[in-house]
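In what follows, a structure is listed as structure tokens, so that the remarks can point back to it.
Going by the order they are written in, the chains are A, B, C and D; count residues from 1 in each one.
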Amino acid sequence: MNYDVKGNKVTGLNIAYIGGGSRGWAWGFMKDLANDPQICGTVRLYDIDISAARRNETIGNKISAHPNAISRWKYTVADSLQQALTGADFTVISILPASFKEMRSDVHTPERLGIYQPVGDTVGPGGFMRAVRTIPMYREIAQAIRDYAPDTWVINYTNPMTLCVRTLYEVFPGIKAFGCCHEVFGTQKLLCAMLKENTGIEAERHELYTTVTGINHFTWLTSASYKGIDLMPMYADFASKNWQEGYDEGGDLNWMNSSFRCAQRVKFDLFLRYGAIAAAGDRHLAEFVPRWYTMTPETVKKWKFGLTTVDWREQDLANRLKRSDDLISGAEEIDLAPSGEEGHLLLKALLGLGDLVSNVNIPNYGQCPDLPLGAVVETNALFGMDRIQPVYAGNMPKGVLPLVARHVQNQENALRAILDGDRKLALATFMNDPQMGNVGLEDGKKLFDDMLEAQKAYVPKGLLG
Amino acid sequence: MNYDVKGNKVTGLNIAYIGGGSRGWAWGFMKDLANDPQICGTVRLYDIDISAARRNETIGNKISAHPNAISRWKYTVADSLQQALTGADFTVISILPASFKEMRSDVHTPERLGIYQPVGDTVGPGGFMRAVRTIPMYREIAQAIRDYAPDTWVINYTNPMTLCVRTLYEVFPGIKAFGCCHEVFGTQKLLCAMLKENTGIEAERHELYTTVTGINHFTWLTSASYKGIDLMPMYADFASKNWQEGYDEGGDLNWMNSSFRCAQRVKFDLFLRYGAIAAAGDRHLAEFVPRWYTMTPETVKKWKFGLTTVDWREQDLANRLKRSDDLISGAEEIDLAPSGEEGHLLLKALLGLGDLVSNVNIPNYGQCPDLPLGAVVETNALFGMDRIQPVYAGNMPKGVLPLVARHVQNQENALRAILDGDRKLALATFMNDPQMGNVGLEDGKKLFDDMLEAQKAYVPKGLLG
Amino acid sequence: MNYDVKGNKVTGLNIAYIGGGSRGWAWGFMKDLANDPQICGTVRLYDIDISAARRNETIGNKISAHPNAISRWKYTVADSLQQALTGADFTVISILPASFKEMRSDVHTPERLGIYQPVGDTVGPGGFMRAVRTIPMYREIAQAIRDYAPDTWVINYTNPMTLCVRTLYEVFPGIKAFGCCHEVFGTQKLLCAMLKENTGIEAERHELYTTVTGINHFTWLTSASYKGIDLMPMYADFASKNWQEGYDEGGDLNWMNSSFRCAQRVKFDLFLRYGAIAAAGDRHLAEFVPRWYTMTPETVKKWKFGLTTVDWREQDLANRLKRSDDLISGAEEIDLAPSGEEGHLLLKALLGLGDLVSNVNIPNYGQCPDLPLGAVVETNALFGMDRIQPVYAGNMPKGVLPLVARHVQNQENALRAILDGDRKLALATFMNDPQMGNVGLEDGKKLFDDMLEAQKAYVPKGLLG
Amino acid sequence: MNYDVKGNKVTGLNIAYIGGGSRGWAWGFMKDLANDPQICGTVRLYDIDISAARRNETIGNKISAHPNAISRWKYTVADSLQQALTGADFTVISILPASFKEMRSDVHTPERLGIYQPVGDTVGPGGFMRAVRTIPMYREIAQAIRDYAPDTWVINYTNPMTLCVRTLYEVFPGIKAFGCCHEVFGTQKLLCAMLKENTGIEAERHELYTTVTGINHFTWLTSASYKGIDLMPMYADFASKNWQEGYDEGGDLNWMNSSFRCAQRVKFDLFLRYGAIAAAGDRHLAEFVPRWYTMTPETVKKWKFGLTTVDWREQDLANRLKRSDDLISGAEEIDLAPSGEEGHLLLKALLGLGDLVSNVNIPNYGQCPDLPLGAVVETNALFGMDRIQPVYAGNMPKGVLPLVARHVQNQENALRAILDGDRKLALATFMNDPQMGNVGLEDGKKLFDDMLEAQKAYVPKGLLG
């Protein structure tokens, strides 16, 4: 590490940003850095779309130059992974594996078998296919980290989160990597809303404690409390009361107006079945179980969440490209609004500037005693100077365990099959997803092959028929 | 132990037979005992249907009196578990939990949701319901063994095998129990047939070695050999060649003529998917996976196995009752044909009269390293004097593991739910069976409740709605 | 729980204090409670020496009545465990097992074989014998907690810490118990002194983070940092520099003037051997290894720590009895000086009044991945509302592991032997202590029997010859 | 595999023999091969002393040409590991690491601290030093196997057995290696003698079953039986009766006349302490515990076993060299007496020519549930075609576990320290051996360095001071 520590401040930090051309998450991160009085340094942006990286270099430096910026970071562009990584104290990875063209196949091709995926980037046939093209990219990144920056701390934001982080550790077991996701935050905010509705108390989500266990996007809260108040019985009532109609925060936040909102009906239903709080958006949760909530588009509507179309995503990207132009040209003014993410706080904790407990995706060292060691799980961990220590999450609720364990085993098999180019294991794993239900081998194999074909350029040798 | 050992012979043995009124398996066991020159003693028959026990007492003593009998055993009737167990060196359990009336519901009620079960006694909705009524009976038996015969060796033959054995250990952890099943034998015989067809070599199944792993009725062979010949590549060809049409031994053994036969198409299909030999009849295997092989009665026919109806079972029982009459009256002559089972051989091994390796259902001490410790698994074990030592089975094939593990977790949850009367966990477990596919909660719950109702007298408090 | 939570305060708490006649630790606890603005309630003092409890009732209520007391607690005497425990939200256990008469034998009898024990209450022949009489007492306490207060949180302060906590969990697996010890604090203070000496920075021990692992009194720090400063390389220099002469804080704190002080030479020596910081007083540490530091009284002097005699302890007790008189009579004025212990802080964290990370003795759920699950270990844990979640400590340094593991196995065997009255296992375990070195069976057995004889009234049947 | 299987016979086998110049064990193996009707092929002798290999080539071919030889093997000399290994179906390793000059230091240098080692090749300071020079040799062998014969089955006979086998697996995890040792056979023969003395029954050791657990040379029998007769209670009497005087078979077998004999007093004493049968010669056993049996040469005499001097070993080697001359010249006639070893039987089992249960040294897959997975342990295993499946040994006796576990941890640390050249860990491990007792750091370090010096040419960089 080459940075300077003095009086609870760190200067001279080097951050490598892989996927540094990102329009969206990158900007939020830049603003969070600009707002932070304790850390300062350089961010090296690397992207296979180098022009996107260059545009973000401009935007980053504009953010840094904002008169209200507390900390002035320098943004540069790196031409290669080697250049980005060499000397990096931290490495952020946030990439889009291939393009929305491939994602269109992930999300929509399975519809021909009646499989409607609200997201399609984590599990289900879509998540599997996304993993097929992402894992080889992560193998390359892991090798570069091993060769050029073995001591760097790595923060991953890409989906499929679990398999991205898992690949990093499989390829370079000495890596110090973790994955961050804000889905749990949303459920914590729901608990705050519930608390306010029930007691009038206005709490921030940071003031709650929730015991987190499971895997990314299929995370469960087994305890929740606020200053001596047990929130679990309160949630039991809340779920019963709102199961029928859903809980809608109204206005812009209404699920009908947004691909990303939901009325929490799936979450409540899962609570009534299993007695623990599923802690991700309903769109994600619905993909981890049989097609209970997605049998038809009407079923989805009944459960009050949205199927995010790839049309929508393409339009959204166009909007963000436009915003990128505007930010560079000045047509849109730079602001410094915090992102609500915790990335920079975790980074500070790792520098020794204040311990922090947060949920994180790392290998299982025993924090999830019911799941295999080494599988990537999401639980709380204690972040501190150069260390992430998982916090024991206790046993998983008995009814939940088989649901989660099934995906863990599929993910472990997907990793093996994709790294090794093992077509037989890949197909067996693809078929074993809950969304595949009773789909027979013939139909399943055809879907498998068609979906591979749609992203052929990215598929490891051996997987193709 | 009260028996006498002298010169490789044991006399004065005491065997308790719970379910001693059994028509069928009991008679085979009696003949195997009569044929064995190394062991002799008394069998105490206990049955809640005491008249059935008395009839078997007569039949047993007739078998024993047969002029060709090598060993003359004495058969008596015990009035209570206590009387049967006190002083017993071995205890055989082979009961029919409740009657075919309840089994009719197990097998046929789920058909309304399109769930066709070829057996319905192990997993699936039928297997679950059978467990609901069997586990409390096994709790009672385990407590009696703990109180009256803690050192007795217990051989179980009742289904659901896994949950019966698991209950015995859960209720009395110090028990020395194991479960025997002949399904693996059938697959070994298939390998013998294949060997003969390919090489002309006629081998007995005892001469093969097969590495067995998995759980009862969903057991897998990961290696198979005969005198230096590796049978796995031979089976790969065999499966490919016969996948389309099935392998039929012809004549009386044809699958079309028997509820218990099959053409091995499911077995071959599973091999092509996973690369390991599923080692149970196709009727059983089909119940452990999604409804790939049972979507409709036509699908079943296409895969060339039979759905055993309860009508058939009732007729079969009537035939056996008739035979029982005939054996007692002398209308049917007693013969001493060996049963083909291994029970008496295992018993002899446990007495120290010759070590033996055989497949057996016992708790996992690590022999299945991928499955939870304590769960009941089926692998080979080395049987010897007062010991059963499991033989390490190695890792399960990667594609097979998630299929098996899912049932193991369901079985562990079923045990807990039924012993504790935990309705929520019971329903969640019932819904998580692969046969339930995408069945929604409303339909599922109704099926659950209707099936409980059909056997209401046997259902633990707490499970009913 | 019967207390009231309102606005980050808890009132109406019930605390049972077993060993409530304690002169010393009890008084500190009373003052800590009196100083705390967030909690209030009743403390029920229970002691087999009821007059001691009554005296503490008076002292406690005087402390509570002190004009500067922020929180006014009520102290009462309970006549029985049942009375003390019924309705208790928290239970503190701090007892002296038997008396100094028995401890005299623990500490001094082994001297005849050249075994000099600086403390004699944890491991070594003395620690074993103390366990012999303490474990049956803890069995009784655990049963009472199970019967009268199964949900109470239990804080243990008695030695041998590990075996006391372990017994509680063995006898009542559902218990919520943990053990607190301040030895680690002393080493953290040493690190603060080092930091000041090296950099001039004055830090409180709470501001450091140390990764704690091991077992009570043989605890190890594998990382230590302060606001981005890694203290491990600093300690390496510090240990090298001070190994020869020791590090003495001078004045009253000089090791020559106190049975409880040391010059840290053992600690430095262990660091040079193993590369991790042993985190207990040298007197304790020396007892866990072969007689490297205690071969003769001269060796002890050379390593600059003291052998605590029982003469000294008896004198100390007399002083404390005198102080007790004075506090009651008013000859000594009550003051409210904080104890420096963390008991009340942990209690508040468990009530939900602020999460806290601290080192604690609880069963191993995987936080020490190299040690057996279920053994009681000392690591950091996250304390929060009604939960203690161990923090993963990582692998133990390779050289340290065998030293610690040996004691863990001895402690597990001691537990079993003493609970079961298994003389053979007890003797084998006694002989396996590192302090016993090459002592032969004859000498060892005689020592064993003589030491049992010295506390015969407390020895479980079966252990005596 | 390139051999031919036909009708339960295998021809065309290739065996690589590393250490093929061995005088003694090699000759026995050659004779066992010549006597076996089921297998035939070529043995390639490789030795760094190539002339010794050439001499054995001659002797081997003479044995093979013996008129009574049933199977005629061909012996050749390989010039390199590559040549020996390429195409080898089996690989035997039996080497002398360095020479008796180095062994002289191993055995005798520690005597200056009062450490008398009866063997000095397994544990203790001597065993550690032997490991220091052997592990690098085994690293080289493992790499050669990985590169030239990854599928060969490897049989190791070299000491320190555990660390040799452990190194092979550490360096090439895919290896199929196991270690054979006849020490357990000796104890089985003792049981036969006891059986005959007590009952008149003459049994062969193969007819007994013994449950084996532990590590090489510190192996324990936890059950023993013969045809329905439990030998454990018989042994309890036998040990009590003979503990005082020892059990001596008289004549040439008397312990006083042989460095390799003993009167079993250590074995009986360990039984009285722990209730299980230590299953190695007393000379080995005494080295695994504190200096209870070896405090002085007089103590050794009292316990009635011998200290094998290196003088004796050198004389013995000279004798064997002379015999080698005589066998080549014909001065000594070739005979075909079986060796009593089981190597060729295990080899046949691995070829599929008959399953076999025997004790073997392989990594722990769970067969020793109390010891770390991956450590090399000695238990029974089922040998069959291309597989060794460990047989579950059950829990180790509680009193024995800490003794064994201590050595396992030391061995794991020794492996790491020697492979990595980690002097600090090496010294800590050396000091932690039970034989080192209370030896202080100064004396210990000097011994460590002097012993390294004595074999300097073989010591990995980094270990030297």
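What to note about this one:
Here is the rule we go by: a residue touches a chain if its C-beta (ideal position, glycine included) is under 8 Å from a C-beta of that chain, and two chains touch if they have at least 3 such contacts.
Nothing here was measured: the structure is a model prediction, and the numbers come from that model.
Shared contact partners of chain C and chain D, listed by label: none present.
Centroid distances built from C-alpha atoms place D farthest away from chain A. The distance from the centre of chain B to the centre of chain C, each centre being the mean of the chain's C-alpha atoms, comes to 54 Å. Mean C-alpha positions place chain A and chain C at a centre distance of 44 Å. Multi-chain contact residues of chain B (touching two or more other chains): none found. Because contacts link each chain to exactly two others and close back on themselves, their graph is best described as a ring.
Per the contact rule defined earlier, chains pair up in contact as A-B, A-C, B-D, C-D. Residue ranges on chain A touching chain C, taken from their complex, read 5, 8, 10, 209, 211, 223, 225-230, 351-353, 355, 357, 365-367, 369, 380, 382, 384-387, 389-394. Within the complex formed with chain D, the residues of chain C that make contact are 269, 273-275, 290-292, 295, 398-399, 401-403, 405-406, 409-410, 412-413, 416, 424-425, 427-429, 431-432, 436-441.
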